[in-house]
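Both complexes below contain chain A, partnered by chain B and then by chain C.
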Partner chain A sequence: MSATATTGASAHRSPGDWALKVAPWVVLFVILAIVPFQFPSFRVEQFCFWMTLAIAACGLNLLTGYNGQISVGHGALFGIGAYTTGILITEFGVPLFGATVASAVLCFATGILIGLPALRIKGLYLALVTLAVATLFPLLLEQFSAITGGSGGLQITSPQLYRGEMRERPIRLESPVAGLENDQWKYFVFLGITVVIFILSRNLIKSRVGRSLVAVRDNEVAAESSGIPVSQVKIVTFGLSAAIAGIGGSLFALDQGQLYPSSFTIVLSIYILVAVVVGGAASIIGPAIGAVFYGLFSDVIVQQMPDRIQPARAVILGVLLILLMLLAPGGIVGGFRTLQAKWSARRSSALNSGPDPIV
Partner chain B sequence: MRDFLQILLVGIGDGAVYAMLGLGLVVIYRSTGLLNFAQGEMAMFSTFIVWTMWSLGLPMWLAILGGMAGGFCVGALVHQVAVRPVGDPHEKPLAVVIVTIGLFLGLNGAAQLIWGTLDRSMPPLFGRGQVTVFGVAVAWQKIGAVIVLGVMVLLFYLLFQHTKLGLAMRAVASNSESASLVGIPVPRLLMLGWGLAAAVGTVAGVFIAPNLGLGTNLMQLTLIFGFAAITLGGFDSLVGAVVGGFVVGALSSVMPRYITIFEKMPLAPAFILILAVLLFRPEGLFGKKQVTRV
Partner chain C sequence: MSLLEVQEVGVRFGGVLALESLSFSLEAEQICALIGPNGAGKTTLFNVISRIYEPSQGQVRFDGHDLLAAPAHKIMDFGVARTFQNLALVPGLTVLQNVMIGAYGRSRGGIWASTLRLPPVRAEERRVTSRSLEILDRLGLSEVASRPCAGLPYGTLKRIEFARALASEPKLLMLDEPASGLTHGEVDELGLLIQQIRDEFSLTVLLVEHHMSMVMAISQKVVVMDLGRKIAEGTPAEVAQDPRVIAAYLGAPA
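Showing the complex of A and B:
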């Protein structure tokens, strides 16, 4: 799909086309930079949550969108990232973003572990196993309540200077920049991490490794016979995907400051999947668009509805998922690409149509 | 020993319910080849229909029949509008998974919209009484579950082996293309299969609701138990679902009792079972071996 679009554009490349390509990104970054100054603090906090969701969706997209391994259990990996961060900070005094790195590493290892059985268990059956993982995860947190705090929750604290003495206090991200509020600082830190992750994923997908991911998805046997180490690719993809989801979870922990098992149920896994599918699976920016869509929908639009009909949120999302699969499996990005392809086809036919073609 | 027997019997009673849910899953797998992740939510939804009719004053058995009819309609409708148009589950697994996940969300939300988020209580179908056999007390409700399961299996057997309709359904399951060539209305039979599966799920829901309280999360754990049952039994085997259901029920009742690490998560043994079977014997105990041609 993207191949046809890019060849269409490169056929007659001009400075105008280049500007057309860069301009949307410039506009996007300007908007992203202005946003935290235009909205009240609670909205900025919500944007931070959307970013953690976008990161997790980016990880899931690598695995499911590009590599074709279905996971309905990324909420659990997100949760492992979150709890690792919380426990490392509270129990072991690890610095905040050091814990994020450690969470990514641990989730990478977990992903590898899940990836091994996934070599044999495929398609619908892998979906079943991951669904079971997602259902089991909150129970696991309750079972090991000695370290996770169980349903009472985990308060993430670190030793901080308070009224002249060191005390265990709830963590917070303090802004080192005068003129930036704490939440605005957090927004920019999260935004930086999110952008870096999306750019790295883009580079990965455009690389040789990325092409082998897609080759494995499209036809395993053909990939194998053209020399792609299929098992390695699948396992490492699972690891990377899990690590990225774990970073999302880690930021979620830093964002919330407290963790409860009820935040990591099957529903979370489903919402991560919603972000991928609505935005557009197998497109880099799709999961980010999907996460923003989900955020706008559930934090802004649904909040306008009376309490009684708020469960309609799930109904609307469910119906939307089904309709997307039936009408536009490529999600928002896929739909946009189709429109773009139509438009550029019309434009090029307009350009080429000097005398009418002889039929 | 008596203690062990007691726990085992409780597990077997639970297992009968997992088997009921499993039967529905198998019927759907056999006819449409997909794992229906929304099966639990369909059962939850129709159990709420039973509750509504019962609380309006209908006798319980009539309410259950009504709920089964309602469930049948939900299942048939779901197949017609959502599942069939997506296409072959083994060619497009992601699309099918997403559709069933969409159904999961949609049905769960719809139930919350209609019935609210408070848990309702439902009386056990066979009362709260117990009977003591060899010094072990067994609730009538558990015995009832096993009997109802037996009746269900008998009905399924009669349907599939001794009626024209059942023969046609088996033809669709074994080769839908050839079936349609000999004039069998395949789509209508698939719809019937989905309706049946949902109706069977209703009964599972009716048995679970008195224990857990009837809420919109009613079936989320039970669904995984049901899947464990059919994974062990073989995804396409009705007998397998029953045997698998009993094994899963017994394991998840006995193991948390004696192994402390499973104490708060009876789901863990079921999960380990799913993983182990899929890894080492993907066709389960009674399932047909799947051969993929390259």
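Showing the complex of A and C:
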């Protein structure tokens, strides 16, 4: 009895399956490591921007993908993170790390506040509330222009040693490594933070807490009667998701050096949601892949298109999204998993291990 | 003292009285069957005990606790677990993970410790995994442990719920029609299994079941309901001869 008991879960996994699992990661990391040396500086800057969005999408994925609460307002949370960081650094001289932590904490609190009505309302109604938050946010930024700089923008500066004296200068990450340009250094710093956040969220998802998120998403009654405090799980997930989006926003502030309300409209919120859905909701890496694909589309492919069809890019994106959802309803990762399952089923039709639904 | 005491519980849905002043009690380590025609209010009573429905009157006491004063997610803490008539599994999780959900309240690991995968969290995860696998094994479900629930036969799904309930280390196990969808042979086997599990885990069982052969074979006490009221109570032999019970089952006025 105990022999089956200890091995049951992962008994039928052959070395071939293992290689199939690990190989994509190795390839991915090699690509990520050489990318900043293969592209011009402005592209590397764009990659940094994509990473901040990937982080926000990772946060949204916990909420929407794993916990089943739809938010169309994560752009606003991203913005709160960005402005908190900008204001703390510029006005109060808070060091970068402290500003990022403070942004995460403030976004956590904001997320809890938005999450409270989510206890009573669900689905589309919740989406509407978050939509309202997303719509109001840029207006609020303009309203409180005394601290946010309004539509004139917020220049993020910090006291820096310049020509022998301390001056307020635009913030930037100086590369401490001889062979690395500033933008390449920033790329690796952002990459490190992004990878850590994704690993931590993977840990969470694979834990008792992660299972409770999925249980609440799929069956509240079952969750509740198994001892899961459903309301608490929903609220805390909202807070946590918001905090992660806030960290993304904080890095965005550092990335851009200046913030404008027009960067944080509803479009940004939709962008983050699209990244989650395209990549594959309820897969851990999905949001990162989605963010890259969306970035590729809007920052690369669209720029290559002839001017005549530029105005139609929203339509083109929409059609592409519909096609993707028809072909792979589980997003890119979902489609990949289906192929992988088919492939390993062909090799060993005897054993049915199936995809691990919580990965 | 009785383990479970249901006192004059009433539940109303609009004009329908789903339960009308229902009272009965349950002794520790008994198997008690709750029977009655469709719509008698059996599932409604389960839902009252697990705090899904708010009764308009009455009291439910379990092992010294006032259940109606506790929120739904605390009921399991007191030692009450249940299965659902129409299944309430988590399709996004594997069979094993579904059973581990049952152990949620009997295990530890908060957000931060889980995020950092601290050693205590890993040890706890191993403990819960092997315990859940043992339960799956005991119920003959090892084969499907790593499968998603989707696509498994109905009887298997019911049994996964049984396993999930056991994972919460309950004192009282409430089974809502565990034998539905089973063949005759399987029903007898399940009856035997319920008795064995009751002995192994020192459980008290409240069983809702339409298969009379199983009810008569394994229960020490039978409570018969009709239209929200208790119409008879006693040993299987006693209720089988009760004219009101016979009338309720034949549909004639009592």
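One rule holds for everything that comes next: the second predicted complex is superposed on the first by the 322 of 359 C-alpha atoms of A that agree within 3 Å, B and C clash if a C-alpha of one lies under 4 Å from a C-alpha of the other, contacts with A are read in each partner's own complex, and residues count from 1 in each chain.
Heads up, the rule we're going with is that contacts are C-beta pairs under 8 Å (C-beta built on N, C-alpha and C of every residue); 3 or more make two chains touch, one makes a residue touch a chain.
Predicted, not measured: the structure shown is a model, and the values here were computed from it.
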Touched partner set for A:207, first chain B, second chain C, both or neither: second
Touched partner set for A:221, first chain B, second chain C, both or neither: both
Which of chain B and chain C A:35 touches, first, second, both or neither: neither
First (chain B), second (chain C), both or neither touched by A:180: neither
Partner chain(s) touched by A:142 [first = chain B, second = chain C, both, neither]: first
Contacts of A:120 with chain B and chain C, given as first, second, both or neither: first
Intersection of the chain A residues that touch chain B with those that touch chain C: 221
Chain B contact footprint on chain A (complex, rising order): 64, 68, 70, 72, 117, 120-121, 123-125, 127-129, 131-133, 135-136, 139-140, 142-143, 221, 266, 270, 273, 277, 281, 309, 311-322, 324-326, 329
Interface residues, chain A side, partner chain C - complex: 1-2, 4-6, 8-10, 12, 200-201, 203-204, 207-212, 214-215, 217-219, 221-230, 236, 240, 282, 352-358
Chain A contact footprint on chain B (complex, rising order): 34-35, 37, 82, 85-86, 89-90, 93-99, 101-110, 112-113, 117, 220-221, 223-224, 227-228, 231, 261-265, 267-268, 270-271, 274-275, 278-279, 282, 294
For the chain C and chain A complex, residues of the former touching the latter: 50-52, 71-77, 81-82, 84, 88-94, 96-97, 100-102, 104-111, 114-117, 121, 124-125, 128-130, 133-134, 136-138, 142, 145-148, 164, 168
